[in-house]
């Protein structure tokens, strides 16, 4: 009885989470422009979408910014996390305090503060400003996923490597870096998804005439929903689902191994 | 000695980020305070901040607070039992189901909100289905309820994850110990499980409350142009009215609430540990 | 011996198709210090958890003081548990931890205050009331866990590998503490451990378990001196287990030499296993020994020397206070009382169950 109730609750919440998405996907194949009536199956909206240059441009912008922001924020975040090894606790917590600001602060405040900065510095809004903003809010995610590994690290291994005659650089790449790699990878993945998903900070730092997928959708929605947007949602959902399945495959097989060891 | 030397030189590597944080975190924040506390001619004023007390602004702030509190509460009520169910399941099974609940988070935030526009509209999917069964239709779109629904749908995973994590961390034997010492199921829950999951609850509340309080996109999409939240007003000051001073002043007010939230969180967290 | 306080009848328990306990029967006497001893996975912790009420057996009954408590919730049972890794409530102070069970029972504030004081004194941690459990050392946390359990005046205290997380010195100190506590409280202790030394030091009664079966029950002396099968002999202390032939009652042929012993009833010319403890082998001049051998390895252990003696293609482990250098030819003698004869198990499975009858 108790188990039935538990399963029912799980099922209801899963329906709440997924029914809207499924409705959206169904509507993307609906030939009737009205959302309420089923006018028959069509792929027209997908065809329209693919020939839409604005969407293609926004997609390219989104991906370019996400990839570049991930690369830069991962490099800066990793280097800074490693630098933390050499800092005393006071400086460490000072840096972590500043790093926490964009995470705790509301996106809208972060967005307008950067907008004020870019206007003040007369940096032309668009690609560059969005990229700078994304790097800024991504670095904390990278650092937060690396720092726990830094804190739990066994530095004797590094010293042992030096003792055995390794150069500091060689010892570092052979002992410390491998320990950090899982943190770096998950930080980079976080940064990438945060960048893809961001709307608010992009909205305030983009200026006019430059769109990412998020801002494009926002403009479209304000004008009224076009069925092409459903097609776009469906594609994004399927792509995200596939990517996640690939990403999650790796750690899940690892946890299984660990469970078996126990 | 050698390590000490290499360690402190490692510290120098933090310099680039320190510069970055100064330029892109601290200076911009300083600029918000500068604009918020000055007028057009550059002289000091509190007017931008006190504007919040004017009827239209105050109403928007109170409405934002009310909707954010309701959304946070609903998220908590939905997420806590879910967290308990998930943490009581076997490990191999629950990581899979937890992923299922987090997965929609990876879909674009605006698209997630859009789905509810489609469902709730006057001639939307839900009403069509209701009509088909000759049931009374609902008129939720462009109301506070629709905004709450949108917030809950968007931010629920932010509540689920920390609550699940904190519940999952509780040693099963601690629960057993309470039972062993005579506590019944309810007493064990109130005296052990709930206090031990408090850190998760608190971070869940923060992670839902702050985006809910400051959103403007959800209210634009599901509230029509009728229901303005404080986020909408700030957005308009910057993108339509170009009053950066007032926009910054109102942002400072928002930050006050964020800091208040943090203070309350810290007090509760300490209270739980004392 | 006192009367039966807890009786386990035909207990079976399996997880996901793996049998943990198979038809287990066990009686625990009042006021005894009983230790469930065995390697990890032998079912000892599951047995304890069934007594505590945290697991329900698939089959069988738990009788407590004449009443069937198999289906009784843990909070309704008159026993308390000291858990592995202590399971203290980290969000409460030491005093609140100890008061937990008493508050549930709505005891008066004064009573609770006195009890906390008494319990902390009993475990030698007076003045620790307002400390947080996380600020205490492992040994101190262990004492608090014990105090938290005993203030409820249980009839039985269950201890699940309570010393497992402590270092050696602390563990030895706590062994004496626990023995003293047991005497002072005059209640039954059921203690689970995989450490044979711990079991021998503290218990009145040891239950050796393996693969879900009870291998042997008895006093520490019986378990050590008269192991009933190779598993017990091997698990408790060092021992030489040698496949031999029982020629007739009170005579056994070990490694080709005839030794007199005291065991009877194993039949004539039957294969048996012989257990000889390393300290029971006497090294004498070659001409005085029943067997002769050569010392191949020597280690100084403080109290005694540990030697390997090769004889007839086998190494025997010998503990002796007398040194015999490596390469010395020695004679081997064993007192008849120190030769323990056991039946040879037909299969590994039989070894596990042979002693449950």
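Order of writing sets the chain letters: A, B and C. Residues in each chain are counted from 1.
Here is the rule we use: a residue touches a chain if its C-beta (ideal position, glycine included) is under 8 Å from a C-beta of that chain, and two chains touch if they have at least 3 such contacts.
Heads up on the chains, UniProt names are A, B = Spermidine/putrescine transport system permease protein; C = Spermidine/putrescine import ATP-binding protein PotA.
What you are looking at is a predicted structure, and each value in this text was computed from that prediction instead of being measured.
> Shared touching chains for subunit A and subunit B?
Expected: no chain.
> Of all the other chains, whose mean CA position lies farthest from subunit A?
Chain centre farthest from subunit A's centre: C.
> How many angstrom between the C-alpha centroids of subunit B and subunit A?
That pair's centroid distance is 17 Å.
> Taking the mean of the C-alpha atoms as each chain's centre, how many Å separate subunit B from subunit C?
The answer is 54 Å.
> Which positions in subunit B touch two or more other chains at once?
As it turns out, subunit B has no residue touching two or more other chains.
> Quick one: which bits of subunit C touch subunit B in the complex? Just the residue numbers, please.
52-54, 73-75, 77, 80-81, 83-85, 87-91, 93, 100-101, 104-105, 132, 148-149, 152
> In the complex formed with subunit C, which residues of subunit B make contact?
Subunit B residues touching subunit C: 171, 173-174, 176-184, 187, 191-192, 195-196, 198, 272-274.
> So in the complex, the part of subunit B that touches subunit A is made up of which residues?
Touching subunit A: residues 2-3, 6-18, 20-21, 23-29, 31-32, 35, 78, 81-82, 85, 88, 91-92, 95-97, 99-101, 103-104, 106-112, 114-119, 121, 123-125, 127-128, 153, 156, 206, 210-211, 213-217, 220-221, 231, 234-235, 238-239, 244, 247-248, 251, 254-255, 258, 262 of subunit B.
> Quick check: in the complex, which residue numbers of subunit A touch subunit B?
Answer in residue numbers: 6, 9-10, 13-14, 16-18, 20-21, 23-24, 27, 34-37, 76-77, 79-80, 82-87, 91, 95, 98-99, 101-102, 104-110, 112-117, 120, 132-133, 135-136, 139, 155, 158-159, 162, 168, 193, 196-197, 199-200, 204, 213-214, 217-218, 221-222, 225, 229-230, 232-233, 236-237, 240-241, 244, 248, 252, 255-256, 259.
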